[in-house]
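Same chain, two partners: chain A is paired with chain B first, then with chain C.
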Partner chain A sequence: MQLIKDVVNCWGKEFKFYFQSKMIYLILFVYATMSAGFVLYVSDFYENTVANMAQFFIYQPGILATIIPVLTMRLWADEYKYNTLELILTQPISIAAVVLGKFLAAWSVAGIMILSSGGIWGMVAFMVNLDNRWIAINYLITFLMAGSLCALASLIAVFCYNAIAAFLGALALCLLTVMANFSYWIEKIIPDNVILNDLVKSFDFKWQFENMIMGQVGVGGGVYFVLLIVAALWTSLIAVEYKRK
Partner chain B sequence: MLVVKNLAKILGGKQILHNINFCLKKGEIIALLGPNGSGKTTLMRCIIGFYELDNGEVSFSKNTIVNNRKKFLENVAYVPEVGGIYPEMTVFEYLYFMAKLRNVDNKTFIANIRYLTQALELESVINQKCEILSKGYKKRTALAGAMIAYPKLLILDEPTEGLDPKQKQHLRGFLKNYGKDNIVLISTHIMEEVEALADRVLMINEGKLICDTTPSEMKRVCAENSIEKSFCTMVGD
Partner chain C sequence: MKFGSNKNIRLAFLVAGIFIAAIAFCIIANLCFGSINLDTSDNKRYSLSYETIGFLKANKKNIAIRLYKDKDLGQKSVALERYAGYVRKLLEKYRDNSLGKIDLTIIETIPFTSTQVEAEKSGIKEFELANKEKYVYLGAVFTSEDGKSITIPRLKFERAGQFESDVTQILSVLAADKKPVLGVISSFFRVAEKNNLWEYAANDAFINQLKAREYEVIPLSTGASYIPQNVDAVLVFYPLNLSKITLYALDQYLMRGGRVIVMLDASYDRKFAEDDIYKTYYSGLDKFLQNNGVVYFENTVVGNIKNAFEVLLDGEKIKYAPRMIVDGQSGNEPLINRGLKNLYFSNASYFKYDADNDNINAKVLLETEDGSGEMSADFFANPSYNNFVKMYDTTNKQYPLAILLEGRFKSMFERPLFENTNIGTPPFLSVSVRPGKLLLIGDCDWMNAKLWDNKADEQHGIYDSTYISDNIIFLLRIVDYMTESGYITLASRKNNINISLSEALYHKVVASYQKRKSEIESNLVKIKREKAVLEDKMRRENMPTVKQFKTMEELQRAEIEQIINLQQIDYLIGEKYSNYRSYFNFSVILVVPICLMLIVGIIYAVYEQKTKRKAREYIE
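Presenting the complex of A and B:
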């Protein structure tokens, strides 16, 4: 119970900071523009015979991998810059609460950012008959995927004393995670080994996400993203603890 | 009572603190002295649990950072030499945040903030953002934040640095009063502060505790009867 209270306090502080800066509105605008741009122009929305939201969701890993590092870059860099790290880490709260609070703040803002694309949903729903329940589930899947990117970007932020370094490091890690197409290479090298192919495929970020939004919502995909979040947060916690040494 | 036993710390492969031992009792104001780079800040960071110890133990009322982190930190507060406040927050928001972290209920918070803002003369800036405050106000805001739950052990790194003479005098009076029922450990280079405030002096040089005495005893080390001269004699200058 106390841990939840501490996490909420840390989350509240970070979440408020996001909206004290005008930068956040620019980030929301860039995200909405990128999402709309990819749906309408890159995926040839108007020429497509099937009007649905798949084109929107398919580009989300790439767009979020580019934007989420902007959200997480100052999570820890500001603590170093303002000499508040020793302040926050010597309060009677657990270090896990600090790590979790910061991550949840970034994830909440990512959630608001994803919701800000609701206009695209409205536009498509106006033109065709959509399965809105399914679209809502896809939004939740995208939110979960964004959480895993936030956790990875937060992990990089722990190591960086400078916000720009945190941004570049997180951008590299997030893009690598999204673009790493292990199954493609494994299929090229060992084409006949189905078991190995399936195993390697299960580590593919994009494959897991696309499978889920295409309707194969199994436990596997959800577990993959949750495990990624837990692993990144756990490593962040160890990294912060290590800094005390 | 704060007990520091066999404390040792290695940073970047270099031994910064060697086998430090001392006890601090309630009602004492202790000045921590030492030349630059002697390990004062590292010692303070070890006491508050920011650094993990390589050897030894720090306990307050039998609680250590290892066996009961929460209980230990509830009793201890630290104000670093620079920073230690969130520039985006207003003074009120900062104090409220610190109170929440220290589990202070709203009723106690209102009483404490009323007293602290008055005692530290922060009333006029309570709704101002910390980033636009002058150095003196920032320092006092950080101090008010550390004191919001009235910790039994208050550790201050250069508390009067950046304050004007009037503010210095006011703060010294405030700390003197607070030190009557609590423990106040101050790191300083200002010898007049040691004379004005401290009941006891701990001196470190090259990571070793070389002296644990009173300011009046320390003065006697040199013929001129001056703390400053004694300090220089003791660190070998």
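Presenting the complex of A and C:
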């Protein structure tokens, strides 16, 4: 119970901090503009709209991988800069609560950011019949995927004393995760190996996400993203504890 | 330095360990639960329908499926690559549900190798892509154990919604042992034969679909004296001028356990019966149906205001109830109407089932929903906005539109129609010796494309019907069920958006100018007509008068003016369309994000004010 209270307190503090810094407005604007720009000018959206707005969701991993590092870069760097981490750790609050609170704050902001693209959905739904239930589920999947990117980016932030370094490190890791088309490379190196290809696909970020947004929400995909979050948060926790020692 | 004493190295190992463990867990989860998927797609696109699963379980023949897919499809066309993934997944589901009867092989084609040659030999055709990529193959070959083979040369993305329907249909054709025979009694076929239009009629989508599914379609005359024994079911539609002998043949066919599908527009039938000139067209089917407990209300037609089409009547846009969309019932048995969402009806006749025969089991397959009402059938002779509003009477009753009767029927004849049996008719039966089936649909216009496809050029009755409609699917399923060809294999169509965003925008713009445009067009028609009359008059007279020349000049001027007006409107439509597109882009890229920033800012400012006030109160 105490852990949940601590997490909520920590989340509240971090979440408020995003809005105090005014940075959030710029991030929201850049994200909404980027999403709309990719959809309208890259995906041939006017001619190829499909019921699940797939063209919109397909670009989300790339866009989020670029923007989420901006959200997480100051999560730990400011604590190191102002030496507030030592102060926090002397408080009667567990490290797990701090790590979780910070991650949840970043994830919540990412959620608001994803919701901000609802304007495109609304405007398209006004003109053509969309499958709104499917799109709503795709938004949830995108939110889950954003969570895994937030966890990875905050893991990098734990190791970096500088916000810029945290941003660049997280950007590199997120883009690598999103763009690494493992199954493609395995196919190139060891062709026609169906079993190996299927195995590799199970931890292919892009494949899992596309599979889910195309209507195959499976245990495999869900486990993949949840595991990514758990693994990244657990590692963050260990890293912070090491630093404390 | 002792290995492992450095805490950073230990940390690195720990981190690596965690991620390796996560990947291992992920692989295990995918291996164990990878096949458990929640199908969130529109119309359960990744799941097989009940019809398909029913067929796969009943199928006894071994069928091999070969899916040919370009090895580098992803690099040549991303959309096709995604569609190939979908096709593969669905075909795997066919294999998994077939109890070992279906074998699936995926062959990746490589240009200038034996795989390409094999694909082409099997009938797979190359895609012609806009990006000019060459040697792009995606197709499938289905082969049964007895050597029959059917090929889909190109698996097109546009047909994704019908993929399951297509595959199940192909499999059912390969699995069938004999061709089911459908006899058709229709004045349409009589007219077609008489005018040497049989070939044209055979191109009709419905008949085409039946033939593609290996049905044998036999046209029967409206004066047929008996139904041949090899006919599995008889379809009676547009039954004008049906002779008493044919009625007797149908009646006796039913007594012998036959299956009869009747599509009848009772209000038109009544009109023909009452009219001196057209009375020969009267079908007389009402008595036949009445004998089986189905009573027609010939003076009434039913409609549904809730699911009505919007049409222009006297320049006003109204909801035209006689054209409506009906959803299929959700019952399990029979599967004829399952999953059908948009059955387009026009001018449906009202009938009720009131049989005193306990041996007959009746099932309503389609009926109107809330918002239904009835109106006089005479309304259709001269519909107008005013009489529509006055005459439509909302009753909210559920009117049956299609009904299925199964069991032992009683003959409408008391004695044989022919005393002389030399003509080869079977002996007279007064009651069914075997259970028969009678299916009745309260409308003949079901195969009329105009009812569901606005792009159909002309309203030619059944000529230009298209396969896109749930109406046709319903009819094909009826034929499946009535002929007992095996199984109802026609899965319902899975929705695709068939209108692009640019088209939708364009229609919106055109709609805003529609009234003005139609006014100008009707003026133009009037002027042209007047001009033609005057021209004709001037041609006939040797010396046209000056007044006539002046009138002609005025008409020409007016015509040019109207043409310019029309061109102006077309220009305005184009202009407005591109403006709309720019507004759309502008608002999605700039206005929506700015509004969002403002909303978030305002919420935060209100929250901050509240917190500050609380803090002040606390200090005070």
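As a working rule, the second predicted complex is superposed on the first by the 240 of 245 C-alpha atoms of A that agree within 3 Å, B and C clash if a C-alpha of one lies under 4 Å from a C-alpha of the other, contacts with A are read in each partner's own complex, and residues count from 1 in each chain.
Here is the rule we go by: a residue touches a chain if its C-beta (ideal position, glycine included) is under 8 Å from a C-beta of that chain, and two chains touch if they have at least 3 such contacts.
The structure displayed is predicted, hence computed values, not measured ones.
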item	value
Superposed partners chain B and chain C on chain A - clash or fit	fit
Chain B versus chain C as contact partner of A:24, first or second or both or neither	second
Which superposed partner A:196 touches (first chain B, second chain C, both, neither)	neither
Chain A residues touched by each partner, larger count belonging to chain B or chain C	C
Partner chain(s) touched by A:36 [first = chain B, second = chain C, both, neither]	second
Partner chain(s) touched by A:125 [first = chain B, second = chain C, both, neither]	neither
First (chain B), second (chain C), both or neither touched by A:9	first
Partner chain in contact with A:214 - chain B first, chain C second, else both or neither	second
Which superposed partner A:89 touches (first chain B, second chain C, both, neither)	first
Least Cα gap, in Å, left between chain B and chain C after the two complexes are fitted on chain A	7
Shared chain A contacts, counted only where both chain B and chain C touch the same residue	245
Residues of chain C defined as touching chain A within the complex	7, 11, 14-15, 18-19, 21-23, 25-27, 29-31, 33-42, 45-46, 74, 79, 82, 85-86, 89, 495-497, 499-502, 504-505, 508, 581, 584-585, 587-590, 592-597, 600-601, 604
Chain A residues within the chain B interface of the complex	2, 5-6, 9, 13, 17, 20-21, 82-84, 86-94, 244-245
Complex contact set, residues of chain B against chain A	45, 48-52, 69-74, 76, 78, 80, 82-89, 97-98, 100-103, 145
Touch list for chain A against partner chain C, complex	19, 24-25, 28-29, 32-33, 36-37, 39-40, 45-52, 112, 116, 119-120, 123-124, 127-131, 133-134, 137, 184, 198-199, 201-203, 210, 214-220, 223-224, 227-228, 230-231, 234-235, 238-239, 242, 245
